[in-house]
Amino acid sequence: MDGKNPSESLIVMTELVLPNDTNLYGNLMGGRLMYWMDIAAALSASKHCNAPVVTASVDNISFESPIKLGNVVHIEAKLTRAFNTSMEIHMKVWGEDLTHQYRYKSNEAYYTFVALDPNRKPRPVAPVLPVTEEEKKLFDGALRRRQLRLILGGKMKPDDAAELKALFIKD
Amino acid sequence: MDGKNPSESLIVMTELVLPNDTNLYGNLMGGRLMYWMDIAAALSASKHCNAPVVTASVDNISFESPIKLGNVVHIEAKLTRAFNTSMEIHMKVWGEDLTHQYRYKSNEAYYTFVALDPNRKPRPVAPVLPVTEEEKKLFDGALRRRQLRLILGGKMKPDDAAELKALFIKD
Amino acid sequence: MDGKNPSESLIVMTELVLPNDTNLYGNLMGGRLMYWMDIAAALSASKHCNAPVVTASVDNISFESPIKLGNVVHIEAKLTRAFNTSMEIHMKVWGEDLTHQYRYKSNEAYYTFVALDPNRKPRPVAPVLPVTEEEKKLFDGALRRRQLRLILGGKMKPDDAAELKALFIKD
Amino acid sequence: MDGKNPSESLIVMTELVLPNDTNLYGNLMGGRLMYWMDIAAALSASKHCNAPVVTASVDNISFESPIKLGNVVHIEAKLTRAFNTSMEIHMKVWGEDLTHQYRYKSNEAYYTFVALDPNRKPRPVAPVLPVTEEEKKLFDGALRRRQLRLILGGKMKPDDAAELKALFIKD
Amino acid sequence: MDGKNPSESLIVMTELVLPNDTNLYGNLMGGRLMYWMDIAAALSASKHCNAPVVTASVDNISFESPIKLGNVVHIEAKLTRAFNTSMEIHMKVWGEDLTHQYRYKSNEAYYTFVALDPNRKPRPVAPVLPVTEEEKKLFDGALRRRQLRLILGGKMKPDDAAELKALFIKD
Amino acid sequence: MDGKNPSESLIVMTELVLPNDTNLYGNLMGGRLMYWMDIAAALSASKHCNAPVVTASVDNISFESPIKLGNVVHIEAKLTRAFNTSMEIHMKVWGEDLTHQYRYKSNEAYYTFVALDPNRKPRPVAPVLPVTEEEKKLFDGALRRRQLRLILGGKMKPDDAAELKALFIKD
């Protein structure tokens, strides 16, 4: 399989925060945002592998500024790296108040999806070929994040996570 | 403020997977599940602190078995520990096929919420007093998970994460 | 078929009242509540008979206190009695204001479901074996409620409703 | 207050059964139908009293034929009688398969609403003046149904329900 | 195929404007209204041709008064004319404030649907036989509106649109 | 007010077609698409004028290829021209099957929005300054489309629609 550039899997999603998406303070509920992000990431993964996909995992997400009722949610999703049958998708999420022309960061996140064949079994996907500096940095970090996922999921011993370990031990 | 037991914040949520919650394979979409989990966790946090809350962060989630259309989603949410104004909520999520009497694990997750005062500023919450062995284990692990959150969020240096570091360096 | 205890069919549902669930006064609409109750009751019935079910009838429901926007809805559903292919489910519904730690009754209700075989025809279900005093009382009352349902549905003459009649004639 | 004819409160509602309204057999869920009926009845009550209203109670509903995915739901709601601050609304519900030109009865139901003043307290409503034979019959039956509601709600002793009692004792 | 009167395809739809249907000013969003109108028109078309239908086009719609949160939306849909496999549906849309007994026009619109056979190919439909003066006028205008649609869709040259042209050139 | 380029109001929206968005043939309902387009156009208009907006009118839309369940909807919205308080937005809509890498046109459309001041009265908006050839062509056509809208809305006599008339009379 030929590799693909991250830009080939770019998905730009724009949503309006409606009353039912908000809590009592008129701010977008975190769960509603994660729902939209899941769809954006799924579309990005599917665009890369041209196959149906399922959510395998979601990395730590930290919500910075709340997004308000009537504001706009911008989500940009793009592949960082593929690991045989799985794909890591990086997302940037902003809120925007169109009236006051104010744009603010909500969060950055990584979702992992697995490509499925017609029998619903994992199938191999094309590798990702990073082009820009940012894409290369995200590609490199993907290995470390994957090790953390495996450790947190109890599928790897911390000792075997060479890249991740380097974060904690600097001699 | 007097402490509270984790069981005082227990929320049991039961949902039915309807067509619009599913992907083309008839499985519950990850994002829809995270939406329900966000509400379960918010209710648990709010039950503990008796104040409105907002989602601050979500830890790594790894989805095991897919939950099918027409199956039931069970979510149990309970506080593990409080850190001044924030609360960590632990959730267990199962799917269940009532016809075939088959119950299967979907995932385990940690969400963090912040309590708000009437001016929408963070306000202190009561401490959590773990009782059972499992609650004590979750209470202890909360410190390590918090360090990981801070490191991943760029708010703590790996070197300062004593508890987390111990995972990687055993001498 | 072996009988089952009511507790084996217990379903605990917890929902948050969102803006679109409310009327102009910010109170949960009765119809939205009945929708949730229908799902809770269906899951309880399906848990008892391990088969798909359909709503056959709903008994008189009287709504006491309105449940407010942002409050929590608690529904507990449990079988009272089975009649060949049909099951009566009893539900208790409370609202709760988590901030003010105030819990209030909304209503109590009885829904009846029919179990279906793969050809969508009614199929027999296991009997219910009440254990607690409350379960036994609900089991006994089920006969009277069934007679009322049949009379109201024009399928039984009042004269044949011995148990129900006793309510009106005490000599 | 001048009385109004039932026809002045007529509401005709038409809905299409979409995938998310159905169970695994592709039939409209009872709860979704009760949701639509609640709105139809509320609009009918509000049209009669020209004030906001809340659902007070729902009488026994027995579902006859299931309504299928893609079929049409017809609801006709009309007042039968007013009791100081409350109004009884009668509804007829049909399903229709437009392709096969087949129309079938789903159920008949009675919902009771209370009119509210700006302070959210019950306020008196105009009486209903039945015109047709059917309207007169529904008007008369309203008293009996109200007694049954009060008895079932524990607010009236069976002995005091003269009209209802006559159903059970014919000498 | 025998013709049918427009009244045979009448659909009366009544909807309540809920919070999630509104913009920040508490007015019904145009897109939500067009969604309801699409369903009303589809049901009307399907009632005429007794077959599944798909939206082919929507004519110019001009929204007059905004419909407010908590108000009622009335839609009346009826066929004006059939053209082999397509049907033009005329809709009148009003808003109504039941509390203040105030009814106001929102818009008038024309949607065009195509009837489909079981292979999803267009199939012929019965002609429309207008009866009232208004129906006859709508029937005549349908030809002119169809020419405009074809010109705007690039499928007809303005010179061939005799009926439409007469609007612009009066000698 | 300084003019703005059309590209400054570009909104890119991406949606996934879910079960409840489709008709019995598994194709996206026209009304659901018009709902999404209304939001995309509203956001584009609001981005241009930095004020709340309301839908004033929708021009003829002709739906070409149906968009299937599980496919992606792409909407690109951009201002073409402003007329004192109103703005015309041009949209291109495609469907995409990510698995088969097949992208197909659904429709092109023009929506008109009005900017509102805090008292909900129309307020002037900045002019549009077209840059590219396509933008200039859309800018010029906007006048003709506006005349057509006014004629269809009964607010202009065909004789006064110089630009539009030229379409029908070529000497």
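Read from first to last, the chains carry the letters A, B, C, D, E and F; within each, the first residue is number 1.
Here is the rule we go by: contacts are C-beta pairs under 8 Å (C-beta built on N, C-alpha and C of every residue); 3 or more make two chains touch, one makes a residue touch a chain.
Quantities reported herein were computed from a predicted structural model and do not represent experimental measurements.
Fewest steps needed to get from chain B to chain F, stepping only to touching chains, is 1. When the interfaces C-E and B-C are ranked by how many C-beta pairs touch across them, B-C comes first. Comparing the centres of all chains, each the average of its CA atoms, the largest separation from chain B belongs to E. Among the other chains, D has the CA centre that is most remote from the centre of chain A. Computed centre separation for the pair chain D/chain F is 43 angstrom, with centres defined by C-alpha atoms. In terms of their C-alpha centroids, the spacing between chain B and chain E amounts to 49 Å. Chain centres here are Cα means. That of chain D falls 31 Å from that of chain E.
Those residues of chain E in touch with two or more other chains are numbered 19-20, 23-24, 39, 42, 52. Chains touching one another form the pairs A-B, A-C, A-E, A-F, B-C, B-D, B-F, C-D, C-E, D-E, D-F, E-F. Chain B contributes residues 19-20, 22-24 to its touches with chain F in the complex. Interface residues of chain E facing chain C in the complex, by the touch rule stated above, are 18-20, 69-70. Of all residues in chain D, those touching chain C in their complex are 23-25, 27, 29-32, 34-39, 42, 52, 54-63, 66, 111, 116, 120, 148-149, 151-153, 158-159, 161, 164-165, 167-170.
Every residue of chain D that touches chain E in the complex is listed here, in rising order: 11-16, 39-40, 42-43, 46-47, 50-52, 72, 98-101.
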